[in-house]
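Across the two complexes that follow, chain A remains constant while its partner is chain B and subsequently chain C.
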Partner chain A sequence: MTDISVNSVSSEKNAARIRLAQRIALRFGLYAMLLVFALYYLMPLFVMLTTSLKSLDEIRTGSLLSLPRDIDFTSWATAWSGACTGIQCDGLQPFFWNSVLLSVPAVFLSTLLGAVNGYVLAQWRFKGSNILFALMLFGCFIPFQVVILPMAIVLGKLQLAGTIGGLVLVHVVYGIGFTTLFFRNFYVTVPQELVKAAKVDGAGFFRIFYSIFLPISPPIIVVTVIWQFTQIWNDFLFGVSFSQAGTQPITVALNNIVNSTTGVKEYNVDMAAAIIAALPTLIVYVVAGKYFIRGLTAGSVKG
Partner chain B sequence: MTEWLEKHAPKMVLAPSFIAILVFVYGFIGWTAYVSFTRSKLLPKYDLKGTIQYERLADSPRFEVALTNLAIFGVLFILFATIIGLTLAILLDQKIRTEGPLRTIYLYPMALSFIVTGTAWKWILNPGLGIESVMHDLGWTDFAFNWLVDPNLAIYTVVIAGVWQSSGFVMALFLAGLRSVDNEVIRAAMVDGVSTPRIYMSIIIPSMAPIFLSAFIVLSHLAIKSFDLVIALTGGGPGYATDMPATFMYAMAFSRGDIGQAASSATVMMVIVTAIIVPYLYSELRPRHD
Partner chain C sequence: MTETTQSILSIENLDKSFGAVKILKDINVSIEPGEFLVLVGPSGCGKSTLLNCIAGLEESTAGDINIGGRSMIGVAPKDRDIAMVFQSYALYPTMTVGKNITFGMKVRGTPEAEQQAKLNEVATLLQIDHLLDRKPSQLSGGQRQRVAMGRALVRDPQLFLFDEPLSNLDAKLRVEMRTEIKRLHQTLGASIVYVTHDQIEAMTLATKIVVMKDGVIQQVGTPNEIYNHPANMFVADFMGSPSMNLIPAQATSSGNSTQISIARAAGDELVLNFDREISGLNGSGSKEVILGLRPENITDPLSIVAQSGQLADCQIDVVEPAGSDTFVVTSLGGKQVTARLRADAEVMAGQSASLAFDLTKASVFEPDSGARIA
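After this line comes the complex of A and B, so read on.
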């Protein structure tokens, strides 16, 4: 918008000065609005952080938006290892490790399956493979309520009810659709001639995947791993439906801490717990935001 | 043998995933739909009994509340997230020097779990200690903000938190769209003396119709699935004032022991999602002839 002046015929100094002033005012307004929005998005994080560092007394008497008088980390310690999630009072710690134990294999397996599926659907198409792809893709969009009841029965039959292994299975199955989509859309940009040439040279299906496709895959692997990790770490519905007291993921434990009705309501502990639960995905986002956004947009728009 | 293996390798690699999807997605949808036509209560029963569950749903005041809430939440959530997202994208598209950091700030809520978002907003909107006390401290002592515990207004708190979480994502979609608009057309319009707002209104925004569609699909999909946010923010309460189909289904399945109602409400959700997603997927995946 720098060449608005192209249109001005007169070179009157006054008009030019007014325009300049207008432009500065406009820029100022623009930045002010952007700043207001930034404050709006940051406010909950700020409130969570400051509340977690205040004492209960200060929370009751002070203001939501004020900075803590003394920085007090006791509520963080309580949230990590002492807060009650129902009858158990070991804090978030055991559930944090549950979430780690569950997301690592689930992310790994769903990414691996997505990579080979995407490879087939992009480069080794056969009659009906597009329909298979559409059927897999549709699986990403179903409301999971529609599969919860039969899943609970099947997990019971497999002796996996209430286990971490059961949750891994659930997350892998319902993650395949997205991981396949990511890899398929990435591999589809590789020219088919490359595969043909490799075939002529005697390389087979696995060899071509291994020595041509895998080496170019790191960017899409990062996108997929971040996407899957965020999804699985943040999941609540599967966690609350298919876990039991000792195997709950962190989101379920957080919700239990916040909604536990026993004793005094410790808002500072709630907020510390919320930050702890959010920290892993927040760190991933801050460190690899570019890949995070790519996953988000790839999940909604055809690549 | 190796030749046979080589020939069938692609299909064999795909088979386990595809079978899993077939069973765990389509088989399970079929199971739920089937059970929705039985008299299942605490345990599933398999003799068909017609549409009794759907009649019960239609008569259930709680499900009516859930559907009304979904409509209120869906419309407001999609509307506000789109408006805010588009506004932010346009503002950020004005050659802003700090665009990178601002984008990071606008989008970080998308990395959070809805449970975290719900917990944070539950505290901020706390009647007494939250926003209300901030206003009282600022001297506005009659200010009352108790939406969270007001059965008629609680659903709007879900909108507030949902928009906060998702609008940055809509911004990212629109920003990508703005960046791909043909620059030549815009330059030509500017040379012709068309004002910047007019350029946006009549050239840029109309050219982003596909982005509006994507945003709509993603947001409506989030709205129908919204479960975690409601659970964390209001727990579906007060009473069942903020129930949505997703929380209704969960309550029927796990606390009421009413599998019939759970299955039929899940099927209703499935039908709503299918009505939105299938035409979209069809248009996205259909081979292009242009």
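After this line comes the complex of A and C, so read on.
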């Protein structure tokens, strides 16, 4: 009797110990795998960063993955204000400001229009509003290439060809589909009775929008702004198609720096320039990233 | 203002369709100042649509709505001098309670001092003055309900509209708020249109009830009329809990006495004397009818209400003690029939018991049309 019970107790203990070990091993394996993935994805950034801080000699002689012997910021200075894009040698600086002048109004306008559109499509349904929404959704999936030629003609007619204003227009038009989708899906979770209550209270269309709907919108505004800013800042095709010397965005300038040099390829300058070009979107993600996730999952507004 | 009492609300021949679907058909209702009108009916009967038409949130297809003697055709909700309380409360989520209540006044440009004075008055009345700085998400269901009412009260309109305001509350709170609404109505003397699917709410609150089904008004009347003289079998069945027993029977008239006989599964027919005239019988002949008897009109012989009753032995199928009463189920005319007995009545399931049938308050309906014939 006693033997059996002692045995069963100890075998139970053993089983528990084995289960614990298995759980720890599983956890360990999981984290190891995640670590490998993280390193894999960080590797290019690491190479870019170290290369940008090396001198050209060191790049030529050393290995790709080695750390720089002396940290040297001259290539960053060159990329910012001295690198040549074709015949002009002012670095990325003027194009960086072009991109800022282009993205800020384009992001602002497309977000605002998306908010109003979404508000109408979610809360002020009219005959055909669902069809309109479907068409706008369809607009999200039209590839850039299809738009280029008609857009060039339109910009020409509007006398906006080659201007930053023209690029703003292109990005606003192309972005409305997405921003409308975001806001519409957010506002559709707001109970219709809220609008009814405000109507009875005496508020009109825009009053209800800015007194009731805008104040509940920060989560979706963050999502939209991040999405639009990333799209517009990183855009190359529209930038290269609809700009001319002096109005080119930073992505086009980066391409020109990398591709139009003759003679020695200055990898360190190229890498520094690439990091500079990517920095704003990176910063936006780091600063507002957690709001991005929160906004994507934010559902109903409970009153 | 005219001297004669003018209807606060009168709805004339109102129709409402969504596309080809007719939601409301030929609605005619009016209420006098201070009346509490309850629109009641099963879900989908059009009662909320009717309320939205009164509020101006839906356009009516035909007919007219007058509020305070003024036609409301083409008048926006904000200009109708109404206030509305919604089922989901519809509080503005980012505004504090105080801002929620004063939003309407702010939109209309009421002076700040007046806003504050009215806010304080209403907050005190509803006992929410300690909540004014909170957001709606920090309130309990009952508190949200009060704030929603505060938002309506502060406007001091001609007409209040309530759209199922209690259906999101738990049972206990619902009864409390029901009493509160009734008290508010009595103290303020306000004119109210109130939508509910709960017939008990309708009975307890209303001075006038409108029973609706499939977009058609079935009956308009005081709670007493609706309960004791239902116009048809739908109203009889819908109002009251447990609902009225509707028993297939045969009415026979000879000379100046009318008898109603009910078939039973076992034993003889149950024959009861009926002392009113049944239209269509004309003093002679017999016809199929439906006898409507409320559970409280079938009771045990010792009950005081049984005095005017006619006794009959019935087989008891189920006994349901409910504390204050005991409900028993028997079978008459092929239907389950519920009777309401005293709590200490001695009955046992499966045995026979003597029941007293009081037909003075009975209703008699035409089987096909369902219309009341006595």
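Details
Methods note: the second predicted complex is superposed on the first by the 264 of 303 C-alpha atoms of A that agree within 3 Å, B and C clash if a C-alpha of one lies under 4 Å from a C-alpha of the other, contacts with A are read in each partner's own complex, and residues count from 1 in each chain.
By our rule, a contact is a pair of C-beta atoms (placed from the backbone, for glycine too) under 8 Å apart; a residue touches a chain by one contact, two chains touch by 3 or more.
A quick note: this is a predicted structure, and the numbers were derived from the prediction, not measured.
In the superposed model, B is the one of chain B and chain C that contacts more residues of chain A. In the superposition on chain A, A:107 contacts neither chain B nor chain C. By the touch criterion stated above, A:133 is placed in contact with chain B alone, chain C being left untouched. Of the two partner chains placed by superposition, only chain C is touched by A:212; chain B is not. Shared-chain residue A:191: touches chain C; no touch with chain B. Once the two complexes are overlaid on the shared chain, A:236 sits against chain B while remaining clear of chain C. The residues of chain A shared by its contacts with chain B and with chain C are 301-302. Every residue of chain C that touches chain A in the complex is listed here, in rising order: 52, 55, 57, 76-78, 82-84, 86-95, 103-104, 107-108, 136-137, 144, 151, 155.
Residue ranges on chain A touching chain B, taken from their complex, read 1, 3-4, 6-7, 30-31, 33-34, 37-38, 40-45, 47-48, 51, 59-60, 63-65, 113, 116-117, 119-121, 124, 126, 129-130, 132-139, 141-151, 153, 173-174, 176-177, 180, 204-206, 230, 233-237, 240-241, 251, 254-255, 258-259, 267, 270-271, 273-275, 277-278, 281-282, 284-286, 289, 292-293, 296-297, 299-302. Every residue of chain B that touches chain A in the complex is listed here, in rising order: 6, 9-11, 13-14, 16-18, 20-22, 24-29, 31-32, 35, 44, 84, 88, 91-92, 94-96, 98, 102, 104-117, 119-124, 126, 129-131, 133-134, 137, 164, 168-169, 172-173, 176, 190-191, 193, 196, 210-211, 214-215, 217-218, 221, 224-225, 227-228, 231-232, 235, 245-246, 249-250, 253-254, 259, 262-263, 265-267, 269-270, 273, 277-278, 281, 284-285. Interface residues of chain A, counted against chain C in their complex, comprise 191, 193-194, 196-203, 207, 211-212, 215-216, 301-303.
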